[in-house]
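Two complexes come next, and they have one chain in common, chain A, joined by chain B in the first and chain C in the second.
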Partner chain A sequence: MSVEAREKRQPWILLSPALTAVGLLLFIPLVFIVVYSFWLRTATGADQAGFYLDNWNEALTDPFYRDILLGTLRIAAITTIACAVMGYPAAYFIARSRGNKALLLLLLMLPFWISYIIRTMSWINILGVSGAVNWVLLNLGIVSEPVQMLYNEPTVILGLVHFLLPFMVLNVYVALEGIDVSLEDAACSLGSTRWQAFREVTLPLSLPGLAAGGLLCFVLSAGTYITPLVLGGPTDAMFANLVFEAIITQLNWPLGSALSLMLLAVLGALVLIYNHYLGMGQLMKGLG
Partner chain B sequence: MDNTKRYERLRERYLNGDLDRRKFLGLIGAAGLAYGVQTPFARHAMAATEEVRFDGWGGVVSEAFRKYAFDPYTKKTGIKVVDGTFGGGDEYLSRVKASQEGEYNIAHLSGVFDYARYVNLGLNSTLNEDNIPNLKYVIPKLTDVFRSVTDGKLSCVPYDYGTTGIAYNRKYISDDEAKEKGAKLLIDAAYKGKIGAWSDWRTRVWYGSLQTGQDPNDATDMDAVWQAVRTNRDLLLKYWQSGAELMSLLAEEEIYVTEGWSGRIYALQEQGHDIGYIDPPNGFGWQECLFVIKGSPMEACEELLNFMLAPETSIAVAEGQNYPPALDPKKVDLGKKIPTLPAFDPTGTLDGLTFANPEYWNSHEQAWSKMFGRIQKGY
Partner chain C sequence: MGWQLIRAYTLLVYLFLFLPVVVVVLLSFNASQFGSFPMTGFSFRWFVELAGNDAILRAFQTSIVLGALTALISTTLGVLASLALVRYDVPGRNMISTLLIAPILVPEVVLAVALLLFLNFLSINKSFFLLLMGHVIFTLPFVILVVQARLVGIRRDYEEAALSLGASPVQAFFQITLPLLAPAVFAGMLFAFTISFDDITGTLFWKPGGVETVPTQIFAMLRNSISPEINALGTVMIFLTVGLPLLGLAIARRMAMQRGG
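So, the complex of A and B:
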């Protein structure tokens, strides 16, 4: 075999374990889901194989699914904006700090050591009727009886921000780290204020990181179902809860498959738009 | 016929002159070869039955099973019991449907309608009742309803029963008020934001029927029922998902009233919480069973079921999980605690409890579970 041919084959050999894993664990199950979405659920709960468009017809035309999907996208958008507003200053502070950067990054990663469900449930002990906040308010005499703070849309968003903020901070931090600090100094030496230098130089250069963090936060929050289940009220369901319900409660795997593909298509379109304008490279940097 | 007998017969035929020496030795060699080849696989097959998987409701129920049934059973038989948990019957059925045959063995299922669903999906097995002699202690009415679903045979043994009644915090709601309002306490606007409800469509429809004065096993005005479900939803703090969440919401006083499982509420009362519990007229009665899923190692499972039905084990588990056992109080002395448990029927006839009619509920399952899913989300 020639050296050229060997060099051509080498990347594929190196990639083969990852490609095999993606093929077996992602692509093939996805094909199953696509096939399932055209089957039907019978009255007994068993599936009827075939090619039926009923599930797709229901998923695409029923306003119930459309409304919940729009509601989910709205919550995901609010969460993403909140993460950006809170995450950018934190990332800026870490990127510009001297000496204790490693410690700050470690603190940022610390929540990942605890299960996401436990972290979500911890809010019950903080905001619950007999939680820490109410205890303080009652003991300070600010309120005479506990305030009901849990189980509504704001607590769902709070739980999502708590979960996703580190993803935003990490992405923005990576982008800020790649910007030469002397650029801001150069802008200041040319007469701009610190704020102008940040606005005209640093912020535009860090936008790809912000966008990558935003994409991650949006996609992850739009696909969550645990947070609304634990922290949401009776009507705070998100689209993934519908998928869960169709598959688990109603044992309607075909409809659940169609719904999950619908969500996948919406989020996939978002990723494609991002890739078209900013490329996936920045996202990989943030994840790395 | 075992191998020893085969060799003895072979030897007898040889000694009688029916076989020549070469044939005899050849057959002995072939038998030896077959034994050598078969034994490792047989051992492997036996080893597979040394472990049985049991799935239940978790919490105090699982603790009781582990302490009073599984550990002593493993000690006695050497068969390990792997116990898993689930939050609801629907979730578990979905897991079983997605699994390989034999992956799940015994499940602590609720209601005859669940039994019928498993049967409809072809997930049932047939128990050899001769291997479960302790079945004779069980209230006959409890086994009869299962037999009627599976042509006189059983795929499960009844294990306990209980009710889903109304639990309320006595600090805010008096016993008299609870008794007077009954199921309508759950749609009382005075407790808006302090009401909880199980996110189970059957329970919601059952209580919707009671709130609209209808027979829960034969509601005729479903529009009224759905309206009651909506009214309840609008007054709720939260739909709870599991027994642990139910107990936490009541204990932390996040909610003052909800429907609840009799055993869990009794556990809260034992912990010192001042929680009242009533079964309104036509309250939701249910029985639980230990269901053996198709593809399970039957003999090992039957042995475990027999062990679990032994009066001493069954009573200990019942006292631990606070649900009366399926044992007939006329045949078995149930001790002091069990007669004090909610839903306990000293007559053994269970005439005072209203159970879900599996035909009625399963025939509406697809439409009603979907409908409730929508109402739950504000529609």
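So, the complex of A and C:
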């Protein structure tokens, strides 16, 4: 074999284990559940192979599934907006601060290292019947009995914002850091106010970072089922909870496949739209 | 004035991020038997009880073994793939990168369902092996992103110098490239371990009955009610995933400073 031929083959040898893993553990399984979603769960509990439209019919026409899907998208949208409103000014402060930038960034990374389940359940200590807020309210005499503030939709959103906010701040920060500060100064020296300079120069230039953070927040919150189980009530199920129920509790795998694919289609469409307009570069910058 | 306002706002955002976690740590040292406010005194009793809880110790063992194996496999696959992407002119590189990153673009629930059903079809039931394969596939993209970012910073000159001085490609790799790569490999492994150690979304789908990792154990305990033991467990987890890396970072920095004179 010639040297060039070997040189050409080398990268493929290096890539083959990872590509095999992704193919075998992700792509083929995804194709497999497409097939599985047309199978039928029979009364005996065995799955009947074939081409049945029953699962898709149920998943797409039953208003129960449609309402929960819409509710999930609403929760994800509110979470994303809350993250943007809370995260943007913080990211701006970090990007423009001169003193403790390294410390602020380190602190921002810390939540990524703290377990998701612990950060989620920590709110029970704050808002639960025997939590910090109730303790303060009782001692101030504002309430005479502990108030149950947990297990509703707002606490689910609160938990999601708490979990996803660092993703937003980091993405916006990366975008702001790439903007030349002197642009804002130039705008000011040409007569605009600080606020005008921010609104007309910095904000538009940082929008790709905001969009990348927004996509992450939306997709991650729309795919969660743990937060509603920990901080939500019985009626606060999100779409991923339905998938979990179908697969793990009812063992109705064909229906579970169809529901998973519905979630994938909705969120995948969002990722594709994002990719079409903005490309994956900004997102990768934020993740790396 | 505006700047002061942004500063105060940022402070509030950081408080929002950290206050609940601080409360977990505080309450884990609470002497009161209900584990809630008010703090009645400082005590290690919940940690002592934790150390005597077999279910939790088993969960720790499972999580650590799973995380270590995941880190090993995922980092091996990730480093090889990153080397190919950074060092060679591969045709269709963007396409390949996207394929390798795909596991984080697919919602984890969907990935979990697909993997569970497909491996079950291949007669691989819920097992430690299934759990391991799941953790490998969703940590791989993160390892590749981290390792690639580090690899770009390593210059090829050293390797080429070794080759021109008569080293074989294998020698050059093990004696020059690998030592230079070590920080990237280490970062990738740490990242994969932490993500695996923290995972609950996929794990609940893949784990066989009776096997618990630390997060699923906490989740199961939450079903009853929040006990001070959970806060103590949370504190231990926070120490392991935040304290140890920070300590490692501090030691590494100290060593680098000493070496620098």
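Note that the second predicted complex is superposed on the first by the 268 of 288 C-alpha atoms of A that agree within 3 Å, B and C clash if a C-alpha of one lies under 4 Å from a C-alpha of the other, contacts with A are read in each partner's own complex, and residues count from 1 in each chain.
The rule we apply is simple: a residue touches a chain if its C-beta (ideal position, glycine included) is under 8 Å from a C-beta of that chain, and two chains touch if they have at least 3 such contacts.
These numbers were taken from a predicted model, which means no experiment stands behind them.
Enquirer: Should the pairing of chain B and chain C on chain A count as a clash or a fit in the superposition?
Expert: clash
Enquirer: Applying the document's definition of touch, where does A:64 land relative to chain B and chain C: first, second, both, or neither?
Expert: The answer is first: A:64 touches chain B but not chain C.
Enquirer: After the superposition on A, what does A:135 contact: first (chain B), second (chain C), both or neither?
Expert: Only chain C; A:135 stays clear of chain B.
Enquirer: A:148 in the overlay: touching chain B, chain C, both, or neither? Say first, second, both or neither.
Expert: First partner only.
Enquirer: When the two structures are laid over each other on chain A, which of chain B and chain C touches more residues of chain A?
Expert: C
Enquirer: Mind working out whether A:85 is in touch with chain B, chain C, both or neither, as first, second, both or neither?
Expert: A:85 sits against neither chain B nor chain C.
Enquirer: Tell me which partner A:49 touches in the superposition: chain B (first), chain C (second), both or neither.
Expert: neither
Enquirer: Looking at A:234, would you say it contacts chain B, chain C, both, or neither? Reply first, second, both or neither.
Expert: first
Enquirer: Looking at the overlay, does A:111 come into contact with chain B only (first), chain C only (second), both, or neither?
Expert: Only chain C; A:111 stays clear of chain B.
Enquirer: Could you say whether A:248 touches chain B, chain C, both of them, or neither, answering first, second, both or neither?
Expert: both
Enquirer: Between chain B (first) and chain C (second), which, if any, makes contact with A:41: first, second, both or neither?
Expert: A:41: touches chain B, not chain C.
Enquirer: Touching chain B and also chain C: which chain A residues?
Expert: Shared contact residues on chain A (touching chain B in one complex, chain C in the other): 124, 128, 130, 229, 247-248, 253.
Enquirer: Enumerate the contact residues on chain B facing chain A in the complex.
Expert: Chain B reaches chain A through residues 88, 90-91, 93-94, 97, 117, 120-122, 193, 201, 233-234, 236-239, 241, 248, 252-254, 363, 365-366, 369-370, 373-374, 376-379.
Enquirer: Help me check something: in the complex, which residues belonging to chain C touch chain A?
Expert: 2, 6-7, 9-10, 13-14, 16-21, 23-24, 27, 34, 36-38, 76-78, 80-81, 83-85, 87-88, 90, 96, 98-111, 113-119, 121, 133-134, 136-137, 140, 142, 144-146, 148-149, 194, 197-198, 200-201, 204-205, 214-215, 218-219, 222, 226, 230-231, 234, 237-238, 241-242, 245
Enquirer: So in the complex, the part of chain A that touches chain B is made up of which residues?
Expert: These residues of chain A touch chain B: 41, 43-46, 64, 68, 124, 128-130, 148, 150-151, 229, 233-235, 237, 241-242, 245-253.
Enquirer: In the complex of these two chains, what residues of chain A are touching chain C?
Expert: Of all residues in chain A, those touching chain C are 10-12, 14-15, 17-19, 21-22, 25-30, 32-33, 36, 86-87, 89-90, 92-94, 104, 107, 110-111, 113-119, 121-126, 128, 130-132, 135, 162, 165-166, 169, 194-195, 219, 222-226, 229-230, 240, 243-244, 247-248, 253, 256-257, 260-261, 263-264, 267-268, 271, 280, 284, 287-288.
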